[in-house]
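Naming follows writing order (A, B, C and D), and every chain is counted from residue 1.
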Amino acid sequence: MLTKIELLNHTFKSPILVASGTFGYGDEVAGLIDVNQLGGIITKSVTLEPREGNAPPRIAETSAGMLNSIGLANLGVEKYCHTKLPQLNKLETKVIINIAGFGIDDYVKTLQILENHDGNHAGYEINISCPNVKSGGMQFGVDAVMTESLTSEMRKHTNKLLILKLSPNVTKIEDIAMAAEAGGADMISAINTVVGMGINIHNRKPVLNTVFGGLSGPAIKPIALANVHKIYKAVSVPIIGIGGISTAEDVIEFIMAGADLVQVGTSNFKDPSIGLKITKGLEPLCKTLEVTNIHDLKGTLEYY
Amino acid sequence: MLTKIELLNHTFKSPILVASGTFGYGDEVAGLIDVNQLGGIITKSVTLEPREGNAPPRIAETSAGMLNSIGLANLGVEKYCHTKLPQLNKLETKVIINIAGFGIDDYVKTLQILENHDGNHAGYEINISCPNVKSGGMQFGVDAVMTESLTSEMRKHTNKLLILKLSPNVTKIEDIAMAAEAGGADMISAINTVVGMGINIHNRKPVLNTVFGGLSGPAIKPIALANVHKIYKAVSVPIIGIGGISTAEDVIEFIMAGADLVQVGTSNFKDPSIGLKITKGLEPLCKTLEVTNIHDLKGTLEYY
Amino acid sequence: MVNEVASVISNYEIASNYWQAILKAPEISRMAKPGQFINILPIKNWPKMMRRPMSIASNEHENISIIYKVVGEGTQYISDWKEGSKVDIIGPLGNTWPEFNDEYPILIGGGVGIAPILYLQDKFSSEGIKHHLIMGAKTGSEHFLEHSPDDGLLLTTDDGTIGIKGTVIRALEAIFHTPSDIRNYRICACGPSPMLNAIKQFASDYSIECFVALETMMACGFGICQGCSIEREQNSDAGSSYRKKYSLACIDGPVFQTNEIKNC
Amino acid sequence: MVNEVASVISNYEIASNYWQAILKAPEISRMAKPGQFINILPIKNWPKMMRRPMSIASNEHENISIIYKVVGEGTQYISDWKEGSKVDIIGPLGNTWPEFNDEYPILIGGGVGIAPILYLQDKFSSEGIKHHLIMGAKTGSEHFLEHSPDDGLLLTTDDGTIGIKGTVIRALEAIFHTPSDIRNYRICACGPSPMLNAIKQFASDYSIECFVALETMMACGFGICQGCSIEREQNSDAGSSYRKKYSLACIDGPVFQTNEIKNC
């Protein structure tokens, strides 16, 4: 089993997970791929209250990437527990529930409601890149102190995996990663989307209703890799690498930079079975690289 | 003259300038294009002392972009004044000299030496994205207080245009832009490259000798545009937009977002005459958009 | 919905800048209904992040077709497909037109919006159901059918080179100003937004049921990215709770009743 | 150096995965010298940021040629060029091989590294200058010339299917172990780094002058980006001050004397 990963008492069939917001709840793609062959699925961000999301337009294409401002459209945690959790419980792969919020209370309440339902999910990924109403539109993800408080508060309420998902839109991501680790996070995942913008010059309006949105896709891979490597040098918890992954080679890059697992996001839209294709491609690559388990490649980057 | 720009007592033949480090000193491309038809040229960063630059490999390709860590290889300001300045003086387009340094003294001395030579150049672009030895490897470009001190110090020594070139690798670029404005900058240019990284999985080494490098090209255009628009909302000095520009439409996007001028960088490598091609493409676009001068499009973005 | 490797049977220009590609795609063909679309990877190394959605314009035996206009890089590559080329498509996607019982169909296609309309018309024709078909274009060279009012086929051109001069609204007016016994008209239309909004207005003025197939940016095409949102006139009961205010064009549509939605 | 739109005269596989394209490029042809290269835009919508550099393999009348191996997306597109295709190239770029006075040339090409060597050989052949040519490949199917030791043309293959079994070093040894009057040999080589480093070592052991044409990543190809740096053995006097410790392969090279540089 070249690509099986044992991590924090969990077994992941492969290091390839699918990223929040890019694979729904695993049921929508049933006709296209067998979700159970993935290493895991991170579900679309759930919030305390249901959210309609932003007005259109919500997406746009860019060179080797896309912009989105979906606005965390989701059915709210109560309905999630009743309609999605039972389905997710049946999956034979790791399920990680992504939670978003607008203040510490929000996050904690959402977590508590999820904990009060029977769930087979392995843990939670905490999306701290949402605009935080309380601090005037700034984001949690850019403030180390807030990140630590949020993490330690959530830590009190769950024994499942607690994964903090970091934003790249900061001067020093290491500081945020260390805060999450200090707060008790089991893992760090990075990166969420990069702030970007586009303009439709003909109607003179932004390509996204919200003006600014999140850039994702291969365009941001070098940025993601740099962030993962910086985090790797700053913390000792495991890392999930995210950002622009579309090939098995990309996965190896992230692992060599310090990731234990990775998530594939935007590339799922172009090819819903990309996760499985990459998984297949990893085996021969591991052989070429002469390792008996892919995890042996973690952090093996050698400097010049 | 749809595309002529009058700005701060200077006349730019078009809003299209070529970015520092991507067009040399204007003489290398003589066989390929007529530099004098450009709106202007920003020369490769010059430093107080000559610099050999970083060990290879220094560049790598990425999706719709490239990584570089040239390491400010340049001949030093003294030699620059003797060999490059006389040539640059002959150009019939705006010349802006880009200065880099590692401490305030460095920058100021370099500026003073340039001021002591006869130069027709319109001004200086100050690259504040270099690692700053004094504050432990962090960059000027990420610190508002330092940016203001540097700007006001340099302001004392020149009456030519003083343009601060900002780094996107910060949490709030607005803060840095306001600091530059407060320090007396005539203009802001943005963005410099985005921190990125790549790994050659076969030799397990980074694709750049320096591990981290700067990402440029169309991949970063949405990031650049977001930064320019944020700066536009924060300051009132003119702005030069930079990042991933490769078409006339891109230029209009930057101008609508708030830029007065733009610079074309990486795209020059693929097509050294891209600047002139874009300039040609601007005329019909201005007509379609029904403006008598392209500058009328500045900041005309309408929100939803 | 399946991800199928189709093979190109033919691909040529049927009118000025209007192309038709016929694809052998047995799986998709078996499942497809009028109004549905496929999501296309234009070439193997497609450097952009999104496939290109195209309505199914016909479906016979194992072959489906698309009718498209070359407007950018993706459609440029599609027009380069050669007979025998293998192409990666996902489909069938989206919903379908409403069931017709005794409603009298007026079908309207503007520009390449004709594609999903032709597939619907095929169905009516094969079932012998009487209907009107209006096709609008800028100029005559963009039409690939004959103006034949007696058979219910009305062409319009902005410049009057073929058929009725003016927009499809002129053809609609012509139908409604002609005395007739028919009372239960129902419009099904696809085309550029301004045309659809005009039809929506017309239908509302004349109190006619009206359905349109919409085009939006789509990243996934099957309900995951939530990028293809359409603002509703009133909240929906159907769908998930986060699809009350906005519907998703790729799974709740592309066909919508005009009074459900704010804008076409 | 000019930016020229060349037209493809022919483009076909000359050996297993080795292709040759002949381009009509009068301007570049007029200026080109052996050792120089062109920088190619593989297709019009080339989505990557860098052109693809290729050595000039021949230059006759108005036509230059390249010999290339399909290794990735760029060369894949190049192999799709059809007769008559228009292609955007910049050239000629780089320096040239040293002047030969009475030095005896041993020319060595490994793999596609043969391209700049063949152009040089053409020159010697046309001037009637005696020389040796060694070509190395993995296996016989990669060779497109005949092994003819008597004419000074030595082929090597790793698997021994054609010519001498082993690397080009075996061929070099063969020449040097054959008694001869020649004393002033000079090696000119191009190929993969390990081969060039082995030749560099050989040349140093035998005290022979040795020149190599190097390949590095190149963004511009004409001295602007400073991306193609080559570490020098000792500081250079030539060039700008920032090219003392590192030379730029695109303007100071691609041809370097092996004792100037740290590694091939």
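Rule of thumb we're sticking to: a residue touches a chain if its C-beta (ideal position, glycine included) is under 8 Å from a C-beta of that chain, and two chains touch if they have at least 3 such contacts.
Since the structure is predicted, the reported quantities are computational estimates derived from the model, not experimental observations.
**Q** Suppose you hop from chain A to any chain it touches, then on again the same way; how many hops at least until you reach chain D?
**A** The least step count works out to 2.
**Q** Check every other chain and keep only those touching both chain B and chain D; list them.
**A** none
**Q** For chain A and chain C, let me know how many angstrom lie between their CA-based centres, rounded off.
**A** Computed from C-alpha means, the inter-chain centre distance equals 36 Å.
**Q** When the centre of a chain is set as the mean of its C-alpha atoms, what distance in Å lies between chain C and chain D?
**A** Each chain reduced to its C-alpha mean, chain C and chain D end up 55 Å apart.
**Q** Could you grab the centroid distance between chain B and chain C? Build each centroid from C-alpha atoms only and quote it in angstrom.
**A** About 47 Å separates the centre of chain B from that of chain C.
**Q** I'd like to verify one number: the distance from the centre of chain A to the centre of chain B, where each centre is the average of its C-alpha atoms, in whole angstrom.
**A** 34
**Q** Scan chain B for residues touching two or more other chains and write them down.
**A** 55, 62-65, 217-218
**Q** Could you say which residues in chain C touch two or more other chains, in rising order?
**A** Residues 47 of chain C each touch two or more of the other chains.
**Q** Could you classify the connectivity of these chains, where an edge means two chains touch, as line, ring, star, complete or other?
**A** ring
**Q** On the basis of the stated criterion, which chains touch which? Give every pair.
**A** Pairs satisfying the touch definition: A-B, A-C, B-D, C-D.
**Q** With touch defined as at the start, can you tell me which chain B residues reach chain A in the complex?
**A** So the residues of chain B in touch with chain A come to 55, 62-65, 67, 142, 169-171, 194-199, 201-206, 209, 211-212, 215, 217-223, 225-226, 229, 244, 249, 252-253, 256-257, 285, 289, 300-304.
**Q** Which of the residues in chain C come into contact with chain D in the complex?
**A** Touch list, chain C to chain D: 45, 47, 73.
**Q** Please output the residues of chain C touching chain A within their complex, sorted ascending.
**A** 1-3, 41, 46-51, 90, 216-217, 219-231, 240-242, 244-246
**Q** Quick check: in the complex, which residue numbers of chain A touch chain C?
**A** It is residues 21-24, 28-29, 31-32, 50-66, 68, 70, 73-76, 79, 217-218, 266-273 of chain A that touch chain C.
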